[in-house]
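Each of the next two complexes has chain A plus one other chain: chain B in the first, chain C in the second.
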Partner chain A sequence: MNSTPRRRILGAVAGLALAGLALAGCSAPSGGTGGGTGSADDLDAALEEGGELTYWSWTPSAEAQVAAFEEAYPNVDVELVNAGTNTEEYTKLQNAIKAGSGAPDVVQIEYYALPQFALSDSLVDLSQYGFGELEDQYSPGTWGSVTVGDAIYGLPQDSGPMALFYNKTVFDEFGLEVPTTWDEYVAAAEQLHTADPTKYITNDTGDAGFATSMIWQAGGKPFQVEGTEVTIDLADEGVQKWTGVWNQLVENDLVASVPGWTDEWFRALGDGTIATLVTGAWMPGVLQASVPEASGDWAVAPIPTYDGEPATAENGGGGQSVTSQSENPALAAAFLRWLNSDPASIEIFLESGGFPATTDDLSDPEFVGVESEYFGGQKINEVLTQASEEVVEGWQYLPFQTYANSIFGDTVGQAYADKRDLAEGLAEWQEQLVAYGNEQGFTVAE
Partner chain B sequence: MTATSLTGRTAKQRGRWIGWAFVGPFMIVFALVLVAPVFYAIYLSLFREQLVGGNAFVGLDNYVRALGDAKFWESFLRVAVFLVVQVPIMLCIALFAALALDSARLHGSRFLRISVFLPYAVPAVVATLMWGFIYGERFGLVGNLNSLPGVDLPIPLSSEFVLAAIGNIVTWEFVGYNMLIFFAALRVIPTELYEAAELDGAGQYRVVWSIKLPAIRGALVIAAIFSVIGSFQLFNEPNILKTLAPNAITTFFTPNMYAYNLSFAGQQFNYSAAVAIIMGVATMIVAYIVQLGGSRKEAAR
Partner chain C sequence: MSALRFAKTTSGLRPRRSILLTVIMGLLAIYALLPLFWLFVNSTKTQAALFSTFGLWFGGEFALFDNIVQTLTYDDGEFVRWLGNTLLYVVVGAGGATALATLAGYGLAKFDFPGRRAVFAVVLGAVAVPGTALAVPTFLMFSQLGLTNTPWAIILPSLISPFGLYLIWVYAVDSVPTELLEAARIDGAGEFRTFFTISSRLLAPGFVTVLLFAIVATWNNYFLPLIMLSDPAWYPLTVGLNQWNAQATGVGAQPIYNLVITGSLLTIIPIVVAFLFLQRYWQSGLSAGSVKQ
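Right, the complex of A and B next:
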C-alpha cells in the first residue's frame, strides 16, 4: 500500500506465507509501565517462570522459530502475529503506542525505522539485561544500527551489506568488464545502452532506501542525531560524490525507469533489460524466488568504489525489540536473546534464506563456502560476507526516517522524473525534512 | 369533546414515541459511526501533538495552515479538474448507453446491459491493478502497441497523463452504475407520453429531448452528486497506481491521499483531521450547489 516497497526477502516471502495469521488477535497486555530495571539473571528466572508473550513479525522464519522456542521453554507461550510488512506494521505499532495499549511484547523493526521508536521511549533499553555483552556476536554495522549512544534498543537479526549483482550473460554478450569503480560503472552503462538501447545498466526511479545507502557508501553523513537535536545536510561531501556519479546516469537516460518490486521489474531482471543491481545481501533469495527464469545468469561482485578502497553500506535489514508496553519485559528480552543469538534459532533463520548479522555465521566456512546453484555455482557468500566487514561506520538515520522516506518521491523523485540534477531534489527533500522536524519538536540544524 | 381530544393527544404522543422506537436503532448506529467520529475529528483538529513535546491546544491553527498550504491546494485543484472533465464525460456515456438500451432498438440489449455494468462489480483495487498492467510502458498493452512500427502512444503513467489515465479507470468502473440509474428512471416514464408524442408526430430525438431527459432530471442530479462526491474522495486508484508510478503520483496527489499520508506516514493526525474536515465541508458545498442547480431548473419549468 505505502510507498516503501518490500525490500527484503523476508518481506517478500512472508506476505504470502503468513498472511493468514494477520489480525489473528491483538490482545496484547494493556497499559503497562514496563521497562523498569532488571539484570541478566532476571532473564533466566523469567524463562523458568514462564508466561505469555506476543511477537509481531513478518519474517518467513518466525513461525518455526516460535515453535522451536516453545519447545525449548515449555512454560512460555508466544503468540505470533503478522501485523503487516514494514510500514504497515510500523503504522500499527505507532497507533498502539499512541493509544497506550495494544503493542506486542517483542516486535520486528528494520534498522532505518528503529531510531523513531527508540526516541519516543517506546522501546526498552536492553543494556540493563546485560545485552552489552552480546556486542561481539554481531557485525559492527548492524550493532551500530540497534544502539543509540549507550542504550541498546534491539538485537540484529539480518543484515544487507551491499554488493553488485550483475547479469553475467548480458555482460559476456556485450563484452563488458565487471566495474570496480563508479567511473567504470558509468562507462559500462554507456557502452551497454549504446550497443542495445533496450538494455540498461540498472533501474532507478528514486528509492529512499537505495539513495541513503549509496550516500552511506560514499562516506556521507547527512543525518546527525543527538537526542532531539538533528542536523541535516544533504549536500555534504559524500552526497556530492554520489550525485556526481548518479547524475550522469539519470541525466543521460542510462537507468531504466522501472520502479522496483513491480511485475515489470521482475520481468526486466529476468530478460536482461536490467543488467545490474546494487543492493543488499538478501537479494539472492529474492532472485531465486521471483526470477527463476534467470537461473545461471546472475553473479555477484563487490560494490564499485570511488577510489578503489573497499567500502560498502547496509541496505535494508533489521532486528527485533522489546516494547515499553510489555508487562513482562524480562521474559520478552529473554525470548529476544534466544531469537537472535541462540544457534538453534539462527539455524532456522538461515534455512529460510536469510542473510545473518551474527559474526559466527558470517565467518562459518560452511556458510561462506556454499555454492549457489542459481548463481552458476559461484560461492556468493564469499563476496557477501566480505562486504559485511567493509561497511562504512558512523551512519545514522533520522528519528523520523519512515516519514522522510515517504516523501522522497515528492521531492527527489521529481528530479528523477525530469532527469535533472539530483542535488536539486535532495535540497527540496532537506527543506521539507527540516520543516517537519521543527514542527515535530526537534531542533533541526542544516 | 374534551375526552376525544384528550385521547387524541395521548394517541398522537404515543405515536411519536413509537416513531422514535422505529428509527432508534438507526439513530444509535448513525450517532456511533458517523456523528461521533466527525466530532472526534473536529476535536482532534484543534490540537497539535508533536513527536517531541507532547500535545497542545492550538485552536484554529491547523485550519489556517491548511488554507495556506500549497500542497493542499494543489491536490484540491487536481480533483476539481478531474471533476470538471471526468464527470461530464462519464455521465454522457452512461446517459447515451441508457437511452440506447431504452430505445429498444438494440439487438442483445441484455448482454449489453450486463457487460456495461460488469466493471462496477470489479473491486476498485482489482480494476486499478488490471489497468496498471495495461498501461505498462514495457510489458503492458501500451508497451506492446508502442513496439509496433509507426505507433507512438503517450505513456499513461507519466506525470502529464496519469490524471487522464486515472479518469479512464474511474469512467470504466462507473459508467455501468450510472447507466443503470438512468435506465431505471427511463423505465418508469408512463408509456402514454410516448403515445401522445407519436400522435403529435414527434421524432425519436424530440422524444428524448422533450420527454425522456426532463423526466429523469432527478436521476441525473443524483448521479451528478454521487460523482462529485466520488471525485473529491478519489483515493484507491491513485494510491494503488503509486507503486507503478511513484514519481508521477505524489503523496498529496488528491486531498484524501494527502490526509492519509499526513496521519499514517507523518503522524500528523491533528493536521490531517483539519484537512479532512475542510474537504468534507467543501464536498458538501459543491454537492449542494449541484443539487440547487438541478432543482432550480425543475422549479422553473
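Right, the complex of A and C next:
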C-alpha cells in the first residue's frame, strides 16, 4: 500500500517540469508589482459590486468558508478548486504563471514557498489596499513570513510553532522523563531503544521542512535574502548546534527510518513505535483525525532547547495570496481579508482543527483553556500558544525553497540513509543550491 | 494437406514437462499477481484496520462494500465524475486515435505516392519520442490556445498514436492482399467502399490490437492530465486517485487510504474486463506477420 516511491518518482518528474518552467518565472526578479494600484476603500466597493473569483486551496475548512463568504456577500461568486496538495499545487501555479494564464485569483501558499512566488512578481503587493493595518492581528512569526521588506504578499491563515508531542503511555512504561533539553532528548532516545529495540524516540529519513525548522530553532540563519542577493551558509553556528545533536541520533540508529505521512508512519504513531514527534502546533488535529486508536496516549510539552532558554520555530503553516494574473485584484484582496481576518471565517477554520495565526485567538481564554479529550484532558493550547510567542526571529527561506526541498532527499537524505555526518549532506545541498541560484539569475554568496 | 502436416509435427513435438520452468513460471505468476491480491485484501479493510492488521491477509471487519459506497460518494461523488471523465477520454481519445491510425496506416501501406518514405521516417521518429518529453511543450502550446483545463487538452494529444499507425501499416502490408484490392477496383468499387467492406474486415485483428494499446495508454495516462488540468472536475481517475493519496500529507492531513485502495481496485476492473474480452484479437494481432502464408 505504500505508494511513496512511485509518488516520489512522479513528483521528481513533475519537479523537473517545474524546474524547466520555473527558469523564466524565477529569473532576475525586478521591481514593481502586478495588479495595479488601489486602496482600502476599493475593497468595500469591490465587495458591493461583486464578481467572480477562483480560489485554490486544499485546506479542509475551505468549502465551509467559501459558503459562509458567499452568504455574507451574495454578489460575489467564489469557485473553490482543490488543485492539489502543497507541492502539486505549486507546480500547477508555477506552470500557469509561466504560461501567462490559468492561475487563480486567490491561492493558498505555505510560508516556505511564498518567497519564490513573491520575488518573481507573481503575487500582488497588498500593502496598497491598506493591509499594513492588519499587522497587529497576527503573531509576529507568521506576519514576517508573508512580508518581504514593506511589501505584503499574503495574509497568514495558520501557524505551526513547534512543540514536543510524546506518547505518555510509552514514556510511563519505560520510565522516561520528558526531556527539556536536546541532551536529555538524546539520552531518552538511547534509554528507550536499548530497553526495547523495536521502539524509537522519533522517525526521520531526511525531511527538508523539519530540518530547516530545527536549524531555525537552533538560531541558525543559513539563508539570507536581500533582493537578488542570496547568501547560503549551511554550516553556521545554529546548523552546527543542530547537527551536533541530530548526528548522535542518526549515526547511532536511534531514529526510525519511517518516512513521514505514510501508512507505516500513521501506524507507528498509533502503536507506540514512534514515541515522540517534534512538529508544528497543527499536529493535534492530524492525530485526532488519523490516529484515533492512540486516543489518551499522547501529550504535549515545550520543544527541548539547547540551553534551557525557551526557543522554538515555525514548522509548516501558510496563508493565502492574490496572484498578479487576477483580473479583479481588489475583489480578490477583499475576499482574502475576509478569509483570514473576519471572525466568522476564523471560527470555521478553528472548528476544523486548525491552529490559528491570529493573536486574538491565540490569547482567547476559551481557546487556550480548552481541555483536549484526545490528549487525556490536557490543556494543550496552553503549551502551543506559549510556543507561538517564543519563535526565534530573523529566519528567512530561499526564494527557490520548493526546488531546494525537492533535492533535499538526494543530498542530505543520502547522509541519513548512510547514517553518517549530516554536515556532509548539508554541504552537498549547499553546493547544489548555490549553483542553481546562480543559474536562476540570483547572485549567491556562500 | 498443410493441416495434416501441421497435426503431424505437433504430435512429434509432444511438450515435455520441465520442473524448473514450471517453478519459474509459478514464481513469476506470484510476482505478477501478488500486488493484485494485496489490492483486493486491503480494499476490504477500514482505514483503522489498514494500520493495525497484517497487510497480506484479511483482518478487521469486512468493509469492502462499505468502502465501495464511500469511494463512490466521497466529496459529492468525485470518483464517479473522474470515472466518467476517464471513459470520455478513452472513448473519444483512444477510439479516435485508433480510427486515425487505421486510416493512415492502411493508406501508407497500400497507396504509393511521393513522399511516402519521408512520412515513414517521421512516423518512426515519432515512435521513439516519449510522450512525457512532449508534455511540457504541449502544455505551453495549449495554454496559448486557451485549451488547458478543458477536456480537449487530454483528448487532442491522445488522438495521435504513431505507434498504432506503424502497427497498422505493417499489419496491412501482409494481411490485405494487393490483388484483392485490384480485383475490387476492377469490379468498380470506389476506394472508400473497398476500405469499409473489404480491407477493414481484414484489418480487424490489427485494429483491435491498436485499440487495446490506445485504451490502456489513455486509461493510464497520468503525466499529461497532471500538467494540463488544475480543476478536479476534469481529472481522470489516475490523477484524482493521486490527489486523494496526497491528502494524507501535511497540515490538515486527511488520510483516506482505504478509499485510495478501493478506488484503485475499481479503476483496474474495466481495463481487466476489456483485456479478457479482446484478448483473442490481441493474440492473433501479436503474431501477425510472424508467419509468411
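Please note the rule applied: the second predicted complex is superposed on the first by the 412 of 446 C-alpha atoms of A that agree within 3 Å, B and C clash if a C-alpha of one lies under 4 Å from a C-alpha of the other, contacts with A are read in each partner's own complex, and residues count from 1 in each chain.
One rule holds in what follows: a residue touches a chain if its C-beta (ideal position, glycine included) is under 8 Å from a C-beta of that chain, and two chains touch if they have at least 3 such contacts.
In this text the structure is predicted, and so the values were computed from the model without any measurement.
Undergrad: What is the contact status of A:259 with respect to chain B (first) and chain C (second): first, second, both, or neither?
TA: The first partner, chain B, only.
Undergrad: Between chain B (first) and chain C (second), which, if any, makes contact with A:59: first, second, both or neither?
TA: Only chain C is touched by A:59; chain B is not.
Undergrad: On the A-aligned overlay, A:410 touches which partner chain: chain B = first, chain C = second, or both, or neither?
TA: First partner only.
Undergrad: Between chain B and chain C, whom does A:141 touch in the aligned arrangement: first, second, both, or neither?
TA: After superposing on A, A:141 lies clear of both chain B and chain C.
Undergrad: Once the shared chain is lined up, is A:161 touching chain B (first), chain C (second), both, or neither of them?
TA: Touch status of A:161: no partner.
Undergrad: Which partner does A:282 reach: the first (chain B), the second (chain C), both, or neither?
TA: In the superposition, A:282 touches chain C alone.
Undergrad: Please indicate which partner A:120 is in contact with in the superposed arrangement: first for chain B, second for chain C, both, or neither.
TA: first
Undergrad: Tell me which partner A:267 touches in the superposition: chain B (first), chain C (second), both or neither.
TA: Both partners, chain B and chain C.
Undergrad: Hey, is it chain B or chain C that touches more of chain A?
TA: Touched residues of chain A are more numerous for C.
Undergrad: In the overlay, answer first, second, both or neither for which of chain B and chain C A:219 touches.
TA: Neither partner.
Undergrad: For chain A, which residues belong to both interfaces, chain B and chain C?
TA: The overlap between the chain B and chain C interfaces on chain A comprises residues 1, 3, 98, 261-263, 267.
Undergrad: Tell me, which parts of chain A touch chain B in their complex?
TA: Chain A residues touching chain B: 1-3, 5, 87, 91, 94, 98, 116, 119-120, 205-206, 228, 257-259, 261-264, 267-268, 273, 399-400, 402-403, 406-407, 409-410, 413-414, 416-417, 436, 439-442.
Undergrad: Note which residues of chain A are touching chain C in the complex, please.
TA: Residue list for chain A touching chain C: 1, 3, 7, 10, 13-14, 17, 20-21, 56, 58-61, 81-86, 88, 92, 95-96, 98-102, 110, 158, 160, 261-263, 266-267, 270-271, 280, 282, 285-286, 289-290, 292-293, 316-318, 352-354.
Undergrad: Please give the residue numbers of chain C that touch chain A in the complex, ascending.
TA: 38, 42, 48, 50-52, 55, 132, 135-136, 139-140, 143-144, 146, 148-149, 222-223, 226-227, 230-232, 242-243, 245-255, 257, 260-261
Undergrad: Across the complex, what residues on chain B touch chain A?
TA: Counting only chain B, the residues touching chain A are 50-53, 133, 136-140, 159, 239, 242-248, 250-252, 261, 264-269.
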